[in-house]
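Please go over the structures that come below.
Two complexes, one shared chain (chain A), two partners (chain B, chain C).
Up next is the complex of A and B:
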């Protein structure tokens, strides 16, 4: 087990460097640069800029400098936002995304698991139909529709909630709900399917035959097997929730990392793109590892060599 | 089956209910204002200026969102007049120019202070201008200062040419005469010295095609142009002298730009790139930096050290950086912001928002929309073809369709430079007579399909006549032409409109293609495209030259490939003319000449299209959406709130703002009057 974890952790480093290299190549291929605007710059000014940012050097020198910096975990300064280091930007904006991401994740888990388990246990009941229909709706209404509808109703009709920006707990409600909806729906359906399958399996019948009470059967034996598909879904889901979701951040004007990432690409802000890509890829790989480890605890049939 | 239908009906009912709620939310026109409007409980303006500012360094940034913040933080020699954007005294109480228009002298007020209490002196401006133009700063707006003597040479890292202990003059390379008096140093008041690239390779390359230059630089010594060579000097602590390379009558207007701000040397030298951090920054304007939470909120607060702090009405301004139009509109409606920046009302909402007459501001802007032609590539290399395409677009219909813009057929915007427009009208009517164009034909330039068809025939294509003057050009190589635009909903609408117009009126179906912004920019500026491409232009200062200069010099910024030496000469001679009317005449002649060649299709003058709550006063829909913040105030008294803001620029005035402007103008007005009197007296004596 420890060997497995160590091996996986070690792989993360070359993987992240590979991702960064590929991204760097893609940025180089993409036309346009960070300093271009509607106005064509006089050649002398363009030359000044290229010199200032080291763009006048050959590509392998630039690549070497970039890699050297990254190995020292220093992504340099943003090209767009003067005087702000990439590390500082990530440190500053990740907490916004992480806050709404984590809250949405918890909300989605609570609603999803509850609805899924109850629906599975009361298969074909009114609750089952109702919650699964709601889940279907949650899955099919995209968040860029749900968000504005919530805003329209709660902010512009009732004037209860602030329509956008970051502030106290009131500001969090709509973005979190918007973000959680689709995940809750997905988790509910996965849980229901997983539970239905497990509850029909032989070992549950054995547990019941042993005379265990229904609560133990459900929570100790049923749930552990039933939520394996949920875990494999929610692991990466949590990573992407924490990393920031562009649509929700845009609709609610939240200064999160997702928004930053898109802006960085549109601005051709190379250091910032690379920094966020490296950060997110490492985050996602760690979460995937965590998911793989948790399988072992949830399902005794899974062993690590 | 029955059950199913009932279910469907129920869902239908729910949908109707939902849509009722939604429509109920958006049509509260029965109240006078849009959304929540309550008396503000503090004296702080909450404003959305656009995206997150790139920096707080006024010499580095180029965007309008930043500019609006920075003119609050830094003082310049002159400030914008809030309605017209004309220059009015700020750090300079008064100024004058030399007879040939190349030397400006600014007299500074003595009570100017930075936010840390240090006095602002002429030397601060000298250093700030030198910094702005330094190649190390690599400012994208460096060219704004290129009118100043040796500014371009310094910014481009050039060198003077020294031979036998004397410097060569700029005209030596042309005239190559030895008998001219040669300067022993390239001082500001001496004739302009020759400058060449400091880089040997570039220099030799330039000399390769220029025999005279080659002779001039042979065996010469090269002395780099230094910051102190630039034509900006402090005659004393409070007198600043700026020397230009040639006269530029728009120059004082240009100095309103944030690029020419006064910066604090000691703190910038001490903190390096970190000087803009909230804990280090020293500013010079009516406001100083309060709190800065990037991507969330920036607060600026009134600076008690500012020389005119007594007349700064707001306690502070909160800027919320944002890109999403809908989100901004939501915040505005919910009463959480007080005013928005220009073009924030989504096109689809326009009809609805227009009814809020006390809040919606639509005025012409110092900005135009047009299509460029790639004039060196067929099939638009023929002027007849370009003119045919231009004439085949019904601009009146476009104006109605777009709702916020005004039709445009010339290259300088309509309704922004009234004096110039008057002169231009007269000059154009004289010129068309000379060219043998009837007044009627000229007036029809807005849309004239018949003439467009004739031009197509003249270009050698076959045009089959249709009803209403339209035609079908059968043999036009439409496949060799594309209309390219950068991705955006409104650009797409316009492109589709123009595409349809060409199809209807000329029977030519041109392909349209969209491109991501940063991909599109180099594609257009290197004129890789064939056919036409979308362009927009926002003026940097209030003068037609800011538009016409786009076609100036062979490496011009027009993205068309069009250039005419005669056009340059016309602009040069215009700028050398001191008399404003005379100058405008020359500019109009140049504009006429360029338009006759039709390297572009002007489409529209943009409109401001933004909203403010009625209690925000002293804030105007001026041509550049630049708000000198010290005139802005929040009115608690409901009876004094702005009404019918359509007439805010012309129909009524705000006595509070007017008297504030008048008081500021006084020093310059008195100075000019005194000067005029002096000249009169002198003339009387000589008589």
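Up next is the complex of A and C:
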């Protein structure tokens, strides 16, 4: 088990470097520069800028320098936000994304699991049809539609909630709900399908034949098998939620990492792009590892070498 | 509770139907039998003949919908199981009537330790503490001859072989010393050498505990050495019921004769093709008006296609569902195979 975890942690390093390399290549292939504006710069100034940032050297030298720095976890300074290091920017903006991401994750889990389990137990009931219709709606309404609708209704019509930006707990409600909706819908559907399949299996019949009541049959015998598909979904989902979702941060003007990432791309801010990409890829890989480990606790048949 | 003429279980005109898109499937259609204390009966039939559904009905384990017990009495020790509330049925399940299922690979919960699965039965029904239940679980594993039970009790089902898992199932079923054990094809998923061991084990434990047993199987060889009487089912109906010896010696139903001929006989049929009853079991959603076996029957006459056969009483304990039951019975008396 320990060996397995260690191995998986070690693999993260080359994987992250590979991701950074590909991203770097893509930035370089794309036309344009961080210093290009509508007006063309005089050649002398352009040459100075290129020299200052080492862009006059051959590409392999540039790549080597960049990799050398990244291995030491030094992503350098942002090109756009002068004097601010990439690490500092990530440290400053990540907590916003993480807060709404984590809250949305918890909300989605509570709603999704509850709705899914009850829908499966009362299959073909009004609750089942109702919650699955709601889930379908949640899946099909994109969050850039849901967000503004919520703002229209709760802020501009009812005056209950602040429409945007970062402040007290009230400011969190709409972004979290907007973010959670699609995940809750997905989890509800996965849970329902998983539970329905498990509750039909032979060992559930055995449990009933023992005289156990439905609650014990469900919680002790059914749940573990039923939520395996949910676990494989929620691991990567948590990573992408924490990392910030561009659209929701944009809609509610939240200064999170997702918003920052878009700015960095638009600005061709190479160090910042690479820093955020490396950070996110490591985050996702760690959560995938966490999911794989939790399988082992869920299902005793799974053993790690 | 009243002593119902020494009968532990009386099933009377049981009908369990399933609603499907294809129409009403009469999986069990008018089944009646009695079981006295300590008695063992075998229920034999091809796949889909309704033998499992009949027994799941006794424990009220038919998933509803689509299934439903539409008629019949299930009198267990003087109580009509059909009239009990589900809470009262749960007090019978696992404690007074226990069940062993066909496939031990899927019938044990793969996510829980054997100890957990054994302990929950006695904690529920016998009020055992954790410690008592654990010791009892070890004791039950020892009883079903699982080697090293102190260690094995903490294993998961996937760490056992098929035969060992069925032993665990038996240990679980007998934990509360039930009065009735329903074994639904307990050896079908196991290989032949293990089959014999498992049957021997059930026999020993039943004698030791005085449990009545209903043994469901499609294999006449399995019931031959174990049962007091046999019920042959086909298309949801009882085709023949008789004491075991008589059924084997003098069957009074062409279907039973067909089944008996299908049992491979290592002494005689060297190189000869194995006998099988021609055709397939009928679609129980669309049964013809006559005898459901008519189109597969060797001696089918015009009346068989037209009229449903009578349930003929041959002697006190021997019944057969056939227009020609008496003739078949008479023929069997001559040189049977």
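Operating definition for what follows: the second predicted complex is superposed on the first by the 304 of 305 C-alpha atoms of A that agree within 3 Å, B and C clash if a C-alpha of one lies under 4 Å from a C-alpha of the other, contacts with A are read in each partner's own complex, and residues count from 1 in each chain.
In this text, contacts are C-beta pairs under 8 Å (C-beta built on N, C-alpha and C of every residue); 3 or more make two chains touch, one makes a residue touch a chain.
If you're wondering where the values come from, they're calculated on a predicted model, not measured in any experiment.
*Asks:* Will chain C clash with chain B on chain A after the two structures are superposed, or do they fit?
*Replies:* After superposition on chain A, chain B vs chain C: fit, no clash.
*Asks:* Let me test your reading of the model: by the given contact rule, A:212 touches which partner, first (chain B), second (chain C), both or neither?
*Replies:* second
*Asks:* With chain A at the apex, figure out the C-alpha centre angle toward chain B and chain C and round it to a multiple of 10 degrees.
*Replies:* Value: 160 degrees, nearest 10.
*Asks:* Looking at A:301 after the superposition, I want to know if it touches chain B, chain C, both of them or none. Which is it: first, second, both, neither?
*Replies:* It touches chain C, and chain B stays clear.
*Asks:* Now for A:92: first (chain B), second (chain C), both, or neither, which partner does it touch?
*Replies:* The answer is first: A:92 touches chain B but not chain C.
*Asks:* Check whether A:57 is in contact with chain B, with chain C, with both or with neither, and answer first, second, both or neither.
*Replies:* neither
*Asks:* Look at the residues of chain A and decide whether chain B or chain C touches more of them.
*Replies:* B
*Asks:* Where does A:8 make contact in the superposed view: on chain B (first), on chain C (second), on both, or on neither?
*Replies:* neither
*Asks:* So, A:49: does it touch chain B (first), chain C (second), both, or neither?
*Replies:* first
*Asks:* Looking at the overlay, what does A:35 touch: chain B (first), chain C (second), both, or neither?
*Replies:* first
*Asks:* Chain B to chain C: minimum CA distance in the overlay, Å?
*Replies:* Comparing every C-alpha of chain B with every C-alpha of chain C, the smallest gap is 20 Å.
*Asks:* Based on the A-chain superposition described above, do chain B and chain C contact any of the same residues on chain A, and if so which?
*Replies:* none
*Asks:* Hey, which residues of chain C end up touching chain A in the complex?
*Replies:* Listed in rising order, the residues of chain C that touch chain A are 59, 61, 87, 90-95, 98-99, 101, 103, 106-113, 120-121, 124-125, 156, 158, 169, 172.
*Asks:* Touching chain B in the complex: which residues of chain A?
*Replies:* 30-33, 35-45, 47-49, 51-52, 77, 80-84, 89, 92-93, 148-149, 151-153, 155-157, 159, 162-166, 250-253, 255, 259-260, 263, 266-268
*Asks:* Touching residues of chain A toward chain C in the complex: what are they?
*Replies:* Going through chain A, the ones touching chain C are 201-203, 205-213, 216, 220-221, 224-225, 298-301.
*Asks:* For the complex, which residues does chain B have touching chain A?
*Replies:* That would be residues 21-22, 24-26, 35-36, 51-52, 54-55, 57, 60, 62, 135-136, 138-140, 142-143, 152, 155-157, 273-274, 276-277, 293-297, 320, 322-324, 326-327, 330-331, 333-334, 336, 516-523, 525, 535-538, 555, 557, 559 of chain B.
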